[in-house]
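Each chain carries a letter (A, B, C and D) given by its place in the written order, and its residues are counted from 1.
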Amino acid sequence: MSTLLEPPATTAAPTVAAPTTAAPTTAAPAGAAPAGAAGPADLADLAHEVRELVLRMGTTAHGTHVGGSLSAADVLTVLYHEVLRLRPEQPDWADRDWFVLSKGHASAALYAVLAQRGFIDRTELATYGAPGSRLAGHPLRRLPGVEFPTGSLGHGLSLASGVALGLRRTGRPGRAFALLGDGELQEGSVWEAAMNAGHHGLDNLVAVVDRNGLQISGSTEECVSLEPLGDRWRSFGWAVAEVDGHDLGALREVFAALPDSAGRPTVVLARTVKGRGVPLFEGKKKSHSVQLTPRLFQRALTGLNARRAR
Amino acid sequence: MTATMPETAAQLPGAAGAAQAAEPTWQERYGVAAREVYRRTLLELARTDPRIICVDSDMGGLETLFGEELPSQYVNVGIAEANLMGVSAGLAATGLLPYANTLSGFAAARACEQVKIDVAGNNLPVRIVATHAGLSAGHYGPTHHAVEDLAILRTLPNLTVVVPADAVETEYAVRATADLPGPLFLRLGRAATPLVHEEPYEFTVGKARELRAGTDVTIVATGPYPVSMALEAARELAARGVSARVLNMHTIKPLDREAVLAAARETGGIVTVEDHLVAGGLGAAVCEVVTQEAPCRVHRIGVPDRFFDHVADERQLLELAGINPAEIAAAAARLAAAPR
Amino acid sequence: MSTLLEPPATTAAPTVAAPTTAAPTTAAPAGAAPAGAAGPADLADLAHEVRELVLRMGTTAHGTHVGGSLSAADVLTVLYHEVLRLRPEQPDWADRDWFVLSKGHASAALYAVLAQRGFIDRTELATYGAPGSRLAGHPLRRLPGVEFPTGSLGHGLSLASGVALGLRRTGRPGRAFALLGDGELQEGSVWEAAMNAGHHGLDNLVAVVDRNGLQISGSTEECVSLEPLGDRWRSFGWAVAEVDGHDLGALREVFAALPDSAGRPTVVLARTVKGRGVPLFEGKKKSHSVQLTPRLFQRALTGLNARRAR
Amino acid sequence: MTATMPETAAQLPGAAGAAQAAEPTWQERYGVAAREVYRRTLLELARTDPRIICVDSDMGGLETLFGEELPSQYVNVGIAEANLMGVSAGLAATGLLPYANTLSGFAAARACEQVKIDVAGNNLPVRIVATHAGLSAGHYGPTHHAVEDLAILRTLPNLTVVVPADAVETEYAVRATADLPGPLFLRLGRAATPLVHEEPYEFTVGKARELRAGTDVTIVATGPYPVSMALEAARELAARGVSARVLNMHTIKPLDREAVLAAARETGGIVTVEDHLVAGGLGAAVCEVVTQEAPCRVHRIGVPDRFFDHVADERQLLELAGINPAEIAAAAARLAAAPR
């Protein structure tokens, strides 16, 4: 797989990783594939690469939100390679689909798919979080492919609703997608937006919930429970699709069937595992924000590759 | 952003359709609440500008006024001010010009973070039009008073913050900001207030208007009662031989630094008047400017620093807060008499 | 019925009512009845008096929120005369029940029951909204019997949840009640609070929704729809009781059965009619905020009395 | 509200239990992030004061630190900052002492109206403890920066607003405000910052601390980097023969008017330094005071008036914002040289 970010030196001190600043090797071209052109095998490769890139970004000085980036990797891969109608060379294309990363802390996964699609250069990923970079810990609007700056949870669904209304008003074909965390659903602003979008029947709006069951302080159900989550969305006027958020084929199918119910927005409840793909992190709340030492990075990468080989 | 304004009431756009009918007088046209003038002006602009979307949050009246005539340019998000701002930012991002309607406390405080990040942060052309500002909600009490809104909003980057002094200036402000490329906050009251402007004049966003020349002291005021009280105080002062300049500071952000510095240099002392807490608002903004280049005394008149839970109407609340012509005149006279 | 507020002079100009400042006549003693002591007939008298007092407060200079006060009149009557454990002479009694008028604009109806229970003097009602009064358009905390100032919608359920948690923590027997408008439920903060209270299993917390179907700009279902409302609350972890909010007997029963489900907060969805009791106002969005001219007051009062006689 | 502080680290409460073990050094004790010191101090206070409730909003770590040792004094409301404030106000109304934990932007902006009405308006003893203030969220970007929080909070009635200059002062502030009858806002950063205080001292809420005497100009600073940078600038200035007074303005509200007026009168010019937008915060508060009684020049150093979306860590962001010892020294030297 990709060695786009130089692997960190294995001789570095174990607890403080040097930021990865080396120049990238030449890139595999897969990431530039237009939407819809990636087959299932390709998708698996792409998703694997997203995970590896997330881990590499986790080696930078401040680390990154590894757990929530890995849980969202498959969803983002399918969205960016199969679902979203985008023109990387013309990010403000009037007829594009709009995507809002409401759980902005998963920026690393977003940057990975943006690089794969050619919105940004893969070499830029090495600058994650570094002084002068465009790749902040949460997405900045001035990065091509980012519609709104996010990071404060609970804003994305309102923004995407406004976009969906605007697209409808101006007769454009684009759709608005927002990816939310499950802990994020504890914000009242999400339900305020959900209620409105449901009422206004925004069938060009899709919310995806990364249902990884964890937030910072533990299990969502122990902190402030969300179940029965499907019932909540349904009672707020939404069509609900539940899917295994790591089954690329199932994700393709779900998104291909959208809108599944004319006159209603759809929420895709993607059942995921926090830290997915890296045994070290899977299902662990500690995976939320991690700075990977060289040693930890190697363990994680080995785990990622081994898990894939299975 | 200067409004090109008609010379007579008959030339005013609203009068055009009713050309046959009797020409409305200035008083007929503007002797209503500023928010009514805003509404009819917006409707008029919207008739010819399909980008305009009236975004309602259960304000009452817009659903008929706008919703019936221009249903495709109207959307009601219900009682949901955070969403109001997020949706408006989303609409603006697609190229539309949303006018987000709510009360000032709910815009500045309830939806503060959405205004900070989604509207101001993105520099999107959302127009937040907020009524019930200051103490204008009167006997509705402190949960409806918005006396911290200017402190919050003037601090946020990119926002233009305009506070018309009367219904006339409200129309000017709405027209002058129609094509503003960034976000606007328009701060309106609730009930009708005295007319400060009796004839057409030139209104320019960001440029304070000298309502009265003066050399001994300057009164800088913002908002309907503060401005009309400042004028009243200046008249009283004139009778006492004190020459007070009066500036209508209708734009709080960007602040007209030149006008403030000239006041400091030429009159040596400034009284600020606002229907806002004494800290953080117009007074603070003026203090920030004068201390940079031309330090002088500034006496700030505003709502005292406590939960202001008196029951009274707007006029009486202002009186209780110490915002009245006599206080203004007394403060100005003290500053005028002080050694420079 | 009560003539506690002097009827306004019928000769006043039709569009501007003079504030009612005259001294009250001696009061009927019914209102001082302790909680639980009022029988159904008494309750009907008391509710009728609340409505009349609301109309009288509507004749003051700024008018009042008539529609939402009349729709809540029966609920408030039952709560204050049958349900809430209160000591009017000792408003901060440690073992009291707490009540939060989250829909603070219905202050007139609250003041009426507070006067009936003796928290304030009936004569004070004449000062509604007048300079120097303690009776603001929305309740002030410095008024005996008011726990929190309200008026900005969407705060009350969080406050009541905090109270319920505090009572539980300090081992006190009191319960926390909040009365919400149905339009108010469009505020995300309500669902943020609901989710938390549901999760924390606050069975000493009761929300009552005044389901009158109207908000300022029209029908809730046309503005931003709320149905299926019971499902929404249930999916947020609440026990739901639905009741005719104008059936005093039914209301008594519902509240007597609380908590109806151990370990869960309860919401009482009270089906009401905005403006209830005054044919002129019933079901009309215009009833939301009204300043009653003497003529209008007379028509309203006649209607109120006639409707009762039926 | 003066904290009675131990004389040596060994006497510090945390050290008591570990009396047998080696006495922790000052550096060991305070060489960590201020928020860590806050947490351990709160836990210590909570062990003997059952009124204390730690109200969490998914901050991470509190669920184990507090939730495991004192589960009955811990409640997690999840990612829900508005509810955090309402619930805390409700808890306080029943006689408890809630510590509401969140990030500064989410306290001041996201939950602004709940802080305004439910906490400050009611004058209830809620302690809002907010981390990630100013630019301390660093590369997390502008949605996590809280550079408008002081402008908002210092305007609200009843609130006491404290900004410790380091981890030592954080412990002092938490202890000194434990019995504050009204609401508190404690503004903390994210990572560890340089220690300003190397030994015990007397900390009094509302009383600025003179860290360095001076006669030519005064630097008034608030928060960790601003204060340590002010000291660094003062040392540089001393080398150039400029005598700069340095005030640690750890309490923004109520502001120490006397200290500010004395600075204006005795040194003739003031430089303010804060990790906050240049408008509305400490600088504005100082300008408000001096223009009342002793007008003088004030140069405000803070975050420029735009959406500050650079990527960098805290120190670098401050540098980019022009908040650094060299700028402070240059501004102070200009003021010291200006004719009074």
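Rule of thumb we're sticking to: a contact is a pair of C-beta atoms (placed from the backbone, for glycine too) under 8 Å apart; a residue touches a chain by one contact, two chains touch by 3 or more.
A quick note: this is a predicted structure, and the numbers were derived from the prediction, not measured.
Centroid distances built from C-alpha atoms place A farthest away from chain B.
Centre to centre, using the average C-alpha position, chain B and chain D are separated by 33 Å. A separation of 42 Å divides the Cα centre of chain A from that of chain B.
Each chain gets one centre point, the mean of its Cα atoms, and the points for chain B and chain C are 35 Å apart.
Along chain A, residues 141, 149, 152, 186-189, 192-193, 195-196, 199, 223-224 each make contact with two or more other chains.
Across the assembly, chain B contributes 77-78, 80, 82-83, 105-106, 110, 113, 117, 121-122, 142-143 as residues in contact with two or more other chains. Chain contacts here are complete: no pair of chains fails to touch. Within the complex, the chain B residues that touch chain D are 105-106, 108-110, 112-113, 116-117, 120-123, 142-143, 148, 151-152, 154-158, 277-281, 283-285, 287-288, 290-293, 295-300, 305-308.
Only residues 61-62, 104, 129-142, 149-154, 183-184, 186-188, 215-218, 223-224, 288 of chain C touch chain B when the two sit together in their complex.
Those residues of chain C that touch chain D in the shared complex are 141, 147-149, 152, 155, 157-167, 169-170, 172, 176, 189, 192-193, 195-196, 199-200.
Interface of chain C with chain A (complex): residues 186-193, 195-196, 198-199, 223-226, 228, 231-232, 234-237. Across the interface of their complex, chain C is touched by residues 53, 72, 75, 77-78, 80, 82-83, 85-96, 98, 113-114, 117-118, 121-122 of chain D.
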